[in-house]
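One chain, chain A, appears in both complexes that follow, with chain B as partner in the first and chain C in the second.
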Partner chain A sequence: MAVQFDGGVIIGADSRTTTGSYIANRVTDKLTMVHDRVYCCRSGSAADTQAVADIVHYYCQMFDVQNGEAPPVKVVASMFQEICYQNKDGLMAGIIVAGWDKKVGGGSVYNISLGGSMNKQPFAIGGSGSTYIYGYCDASYHENMTVTECIEFTKNAIALAMSRDGSSGGCIRLAVITEQGVQRIFVPGNELPTFFEG
Partner chain B sequence: MATTSIDSFPATARPGGFSFELHTRNQVLSSRGAAVPRATKTGTTIVGVVYKHGVVLGADTRATEGPIVADKNCEKIHYIAPNMYCCGAGTAADTEFTTNLISSQLELHRLATGRQARVVTAMTLLKQMLFKYQGQVGAALILGGCDVEGPQLFSIHPHGSTDKLPYVTMGSGSLAAMSIMEAKWTPDMERQDAIDLVDNAIRAGIFNDLGSGSNVDVTVITPEGVDVLRNYATPNERGVREGVYDYARGTTKVLTESIRSLVEVVDGDAMEVE
Partner chain C sequence: MTLFDRSPIVTGTSVVALKYKDGIMMATDCLASYGSLARFRDVERMVPVGEHTIVGASGELSDFDYLKEQLESLMIDEYESQDGHTLGPRNVYEYLHRVMYARRSKMNFLWNTLVVGGIKNGDRFLGCVDMKGVTYSSSTIATGYGAYLAQPILRKAVEGREDTLDEASARRILDQVMKVLFYRDARSLNKIQVTTVNASGVTISAPYSLPTEWAFAENIRGYGATPAQ
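This part shows the complex of A and B:
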């Protein structure tokens, strides 16, 4: 999940990787850096998304060195889109690209779904657990949220998804990306926000 | 093409990658009832643990061919570099050859750079190769080593995804081993505690998983060096037969005896050939 605010973006994810019904990694970091101020949230096949992210990471480094400036989030998102679309038959990758760049002067969030379509959105959710929180997100999101409100929104949304989706769980990893840098926030599994528990 | 002979598939003419030329033939054969030979799998329990001063890797020693034990004491912890070892689960040939290939690539890399190889380098070489083959190379690996960044442990799945973790288990016995790990692992363990944890985790796999068995191999990797503890524990040694079941001479009555000489030694050595 990623949410844009004035000055940057908040990204967040759960930490569960499954092989069938076995949890292969319960503390996964699904927030992957592709450049200093551009991250991606990976969902779908772990092998596919790791491979694609590594390739885009390489492209971003080349862009930076060749152009003398950090790649804008839009450019990074289109790098992802190119790979995901041209290889759509062989990949299962749903990626959210989010970050800060100087050209926009603030944050941007791009959602790249399974077929390779790219959409710029104020906030984006993805993965198997996202289906359970569309209602919550649409109801809670409003424009001009502050950083703290965005963090709460992201944390709550992911916690709700984790409590309903079997393929999501573990702990919540968040990151705040601004001009100043990337600040990571960790929410352990026993400190998740709680809602109706029955 | 009138007849398909071995010369039709010369090694030099084959392009790189897997050859699926015999796939149709195999399908026809199996539809006519022929048994398809299965690749030797390691049916394994492998574990890795990061402790205060380094990494401890452990593995069982049973290699299976379906329900049969093909090798009772195989080595599943493979050398990658002086500071890195890799446990392998899945198809035995795939793990053996994949680790050998990356080990040789890393040695060339070491000679070219003039410095100690990093664990992430081996991890990247492995994951990029496995991803390229889209899971057809059935190698599930646990890579552990010590370099300038400290002790590191990675799990690598056949499709090419990797996880960096403080403790990992893989193979058919991974669930049994993981239950021990989750119960007993703590951060910054001492060397013997880590070895005991690995030993117990592998034993859980050996005794509770049919695909794992025989002995426990342990390898300890620290910045100072590597300790290969082959057959660290042998909890499955064959017992001594308690009774005597031999029959004394004379138990079976001999009715007639006829001796025929098959070799006629004329002169010199009977085996002499012109």
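This part shows the complex of A and C:
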């Protein structure tokens, strides 16, 4: 999931990778850097999303070198979109692109769905667990949230998804991306926010 | 006309059990899954049958509910016969075996793997019956993912030591094994119950959670591009 705020974005994800119902990795880092201030949240096939992210990372480096500046988030998102759309038959990749760029002067969040369509959103949720938190997110989100409020919102939303979705779990990894840099936040699996557990 | 290929809908995951010095201990988590959805998180997947036996179930929970009714009827019939006998774990085991095999033979399965354990007159018993009527009896039993992840740990810890293993050690082994299952089974929940069956009877614990390790994961990063800061 990713949430835009005034000076940047918060991105967050759980840490579970499964093969069927076996947890292949319980401490995965799903927050992937494609450029210094642009990260993506990967859902769907781990292999597919890793491969696509690697290619976009290459294109971002080329852009930076050739244009002398970091690619805007919109441009990075459209790089993802091109690959996901043109290879839609062979890929299972749901990607959220989020980051900070100078042109916008703040954060942006783009959602790229399975078919390769791109949508700019104030916040985006994805992955199997997201279905369980559409209600919570729609009810809790409001504009002009502070960084702290965004972090709470993201943490709570992901914790709720993790508690209901079998394919989600483990720990919560968050990253706050601003002009200043990327600050990582880690919430261990035994310190998750708790809700009704009956 | 019966549908043999009907898939289970609301399901329970592993059941683990072991024999110890004074009897049997069995553990299950409190989750009923609806596919990948953790639908009901306060479910009891173990049920006492008389004073001597505990039955735990994995698989389709509606079929387990049906079996609970059948076992209740069985115990009532046995009570009414007033013959001075009560049904023990071996009897319950044999009964469930016959029921599961009979349903299998009609191609109308009860989609469960059941674990039966208990002690009567000093005789400890532990076994399992699956949806095809296959039975297995041993000093350690584990169903579902437990058969792959828990059984090797249980065997190493218990085999040869059934008569000296005390309650506290048995409890520790079950906690360890349930922790591994919570780490690795995507259809498990960190809210478990442990049942102890000894000469005093059947005691099902209140649900509790296990301590888990996650701190080591803080500094794990990405896979390739993401810098390992």
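In this section, the second predicted complex is superposed on the first by the 198 of 198 C-alpha atoms of A that agree within 3 Å, B and C clash if a C-alpha of one lies under 4 Å from a C-alpha of the other, contacts with A are read in each partner's own complex, and residues count from 1 in each chain.
Everything below uses one rule, namely that a contact is a pair of C-beta atoms (placed from the backbone, for glycine too) under 8 Å apart; a residue touches a chain by one contact, two chains touch by 3 or more.
Not measured: the values here are computed from a predicted model.
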Query = With the two structures laid over each other on chain A, which partner does A:Pro188 touch: chain B (first), chain C (second), both, or neither?
reply = second
Key: chain A: partner with more touched residues, chain B or chain C   = C
Ask   = So, A:Lys155: does it touch chain B (first), chain C (second), both, or neither?
value = neither
Request  = Scan A:Arg37 for contacts with chain B and chain C and give back first, second, both or neither.
outcome  = neither
Query = Which of the two partners, first being chain B and second being chain C, lies in contact with A:Asp165: first, second, both, or neither?
reply = second
Task = Answer with first, second, both or neither: which of chain B and chain C does A:Val27 touch in the superposed model?
result = both
Request  = Using the superposition on chain A described above, determine whether A:Gln50 touches chain B (first), chain C (second), both, or neither.
outcome  = both
Query = Across the two complexes, what residues of chain A are contacted by chain B and by chain C?
reply = 22, 27, 50, 54
Message = Looking at the complex, which residues from chain A come into contact with chain C?
response = 15-16, 18, 20-23, 26-27, 29, 31-34, 50, 53-54, 57, 128, 132, 163-167, 169-171, 184, 186, 188-191, 197-198
Ask   = Within the complex, which stretch of chain B touches chain A?
value = 124, 127-128, 130-131, 134-135, 155, 157, 159-163, 165, 175
Message = Per the contact definition, I'd like the list of chain C residues that touch chain A in the complex.
response = 33, 35-38, 41-42, 145, 183-187, 191, 211-218, 220-227, 229
Task = Could you pull out which chain A residues touch chain B in their complex?
result = 17, 19, 22, 24-25, 27-28, 45-48, 50-51, 54, 90
